[in-house]
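Order as written gives the chain letters A, B and C; numbering starts at 1 within each chain.
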């Protein structure tokens, strides 16, 4: 009983966190799905979805229902268990990073000492999901998408990590809450602009979005790793992709844009989430904006860019940071 | 080393310029039209499938069943039949069928018609479930038109 | 080229075969290309044709030559008027019909509009192949204006059948002239948009530079014409080399580039937009009055026995109609030399050893129109 009493608050906390996580994942997919289509439409001088509901507001709900109602097609020669596992693997791990994100001073699932590592570790499971999905589909296009994705993600994780490491050296902690709190006078984007830029580029590549959308390069690989997926298993990949976008943008917000800091509102410990979300969605808007502006890079150029520009720059940046931290 | 940096800056600058173009587009007016709700006016010269003209003076078409259009049509999609009637000069058209599935809209029939009774319709919203939906009885169509 | 899929499959254990098409997003139609891959490198390519074959040349042997006009438009749906032009000219040559001057002017104006329209569509679709989704919408926005202008005079939007033996079927009016002039101004004002959004983009440059190298010698061997050949530095354009219609009266340049890669043909096509506008402008300025159809065109067009040829410059290169007549009004044989067919034939050589992404950009630069290949 004693143990139970002491565990009860934790249990409640876990349940609440899980529910909130689900709300964020699905809500974010709805918002982003709609916003992406609207913005893409506006960039192309057309209105975007207009038919379902006022200005097409319910379009995504209807699309979701449609996807749920669709048959799950499994190719004859596919590796069935793995084929079914891949979308789950793409989707499930996105909940964990949400637990450690400090949405405001008080709204945070768990403030772990190793928050940053948890996020990066779980975010990279996505690659595994893509690899499994691409391989088990038994489709050459899918396999290409999967191979490209692995190479790309492994390469771009390095500059991403190094650029974040510079911040960690400055704050001396892995805890996201403390990192966000450490930026009270000036945001790190001012002190570490280079790290921020590198992170942004790596972030686009990590989320496999244009101009780095090689794993699903439509005009080359038809649909890349999810060529064979249909219905709900396809939509799990999409949900996972949007959730991943949300997570990497949140990390950028925490590390460079001061987390939930902003003009104080009443009950700021809680209402800081407004600023936090605003920054996150601003970054997401940027992601959408570049997606609909640029052509796709070629695979070798993508790698070249990483090894020739991003990694050296991030290393130099890290070195300078270390020296400065030592001196000051 | 110098080219390494200049390449980078040139590239980055071109990317920024590109972003400027698209953000400007985001705030410029929409150019498309929400088709079934709004419709653009189509030009009267539009060539839809052919139709018999209803002349104001006679209240009907002026086809004399000469069969020129039938002979001229490269795709054999016109069938015209006429018959002699008492008290009428020339032949009276009794069958005028158009198989629009084969028509290539070349205009040969319209140009060859001696009485100028063939013209293009402005019908661009044709849809059907089977081929027979596009086998038009032009005589019936000209009757039904007001 | 006696490779087929079995041979490809057997040739080596390290390689495997990827089937690109006939329903692949970047083959723009029903072209199928077999790729033998080593990693992502295409070691052998084999275009497979015939998915959209409609026997156009055979059809021509069964009906009066005049009736073949609508078929020409279906071969190249992007250059329908230019195909009309070539075919009308062929019959006029064979029978000896003088086309009134005004009709020639109208033919040139509408053909050039058609060429711009084709280039704009290629521009958008090519960028779609390269993964940029937006430029095609801007290009279509411009293209739509041309379609409206042409619809007003020809009655159709894509597969025009407007030219007749001896002229054109309908005269143009003041409205056409003002709308065309407005379009010229509009397109000129849009160059800067295309240049900043697309042509100067560093990603695009990297995707196109040094990809798909051609040289004049290769072009000669394969019979490659059009912007691809001009991209290698050879200023060969039928409008200048064997001037037909009234092209010799106009002052225009033939854009060329020297490198012969995808970027070269890309820029050549882009610069051709301006040259076509210049031709249209001059033609509008000098538009004479008069009839648009020759006075005496016999109803039955008996073609004197012999063989006849007529070449025109289509947006993709040299287009020739070759007709053999036995003296009746039905051709004994009609051969169409379509530019895309020759241009496609270089693919196995040009794309050997390329990455898949480069195969896509190199094939996009050929500006293939599949119905023209499978006619």
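Keep in mind that, in the parts below, contacts are C-beta pairs under 8 Å (C-beta built on N, C-alpha and C of every residue); 3 or more make two chains touch, one makes a residue touch a chain.
These numbers come from a predicted model, not from an experiment.
**Q** So which one's got more C-beta contacts, A-B or A-C?
**A** Pair with more contacting C-beta pairs, A-B versus A-C: A-C.
**Q** Using mean Cα positions, find the chain sitting nearest the overall protein centre.
**A** Smallest centre-to-centre distance to the global C-alpha mean: chain C.
**Q** What's the distance between the Cα centroids of chain B and chain C, rounded to whole Å?
**A** A distance of 24 Å separates the two centres.
**Q** Please compute the C-alpha centroid of chain A, do the same for chain B, then give the distance between them in whole Å.
**A** Taking the mean C-alpha position of each chain, the two centres sit 50 Å apart.
**Q** Just the number, please: Cα centre separation of chain A and chain C in whole Å.
**A** Their C-alpha centroids are separated by 44 Å.
**Q** Could you list which residues of chain A touch at least two other chains?
**A** Each of 43-46, 292-294 in chain A touches at least two other chains.
**Q** Of all residues in chain B, which are in touch with two or more distinct other chains?
**A** 15, 18, 21-22, 25, 31 - these are the residues of chain B that touch more than one other chain.
**Q** Enumerate the residues of chain C that touch no fewer than two other chains.
**A** Within chain C, residues 134, 138, 141, 197-198, 201, 203 contact more than one other chain.
**Q** Give the list of chain C residues in touch with chain B in this complex.
**A** Against chain B, chain C makes touches at 63-64, 66-71, 74, 134, 138, 141, 148, 151-156, 159, 161, 169-170, 193, 196-198, 200-203.
**Q** Can you check the complex and tell me which residues of chain A touch chain C?
**A** These residues of chain A touch chain C: 40, 43-46, 140-141, 144, 210-211, 213, 217-222, 292-301.
**Q** Touching residues of chain B toward chain A in the complex: what are they?
**A** Those residues of chain B that touch chain A are 8, 15, 18-19, 21-23, 25-32, 34.
**Q** Per the contact definition, I'd like the list of chain C residues that touch chain A in the complex.
**A** It is residues 16, 18, 24-26, 40, 127-134, 137-138, 141, 197-198, 201, 203-204, 206-207, 355-358, 360 of chain C that touch chain A.
**Q** For chain A, which residues are in contact with chain B within the complex?
**A** Result: residues 39, 42-47, 50, 289-290, 292-294, 309 of chain A touch chain B.
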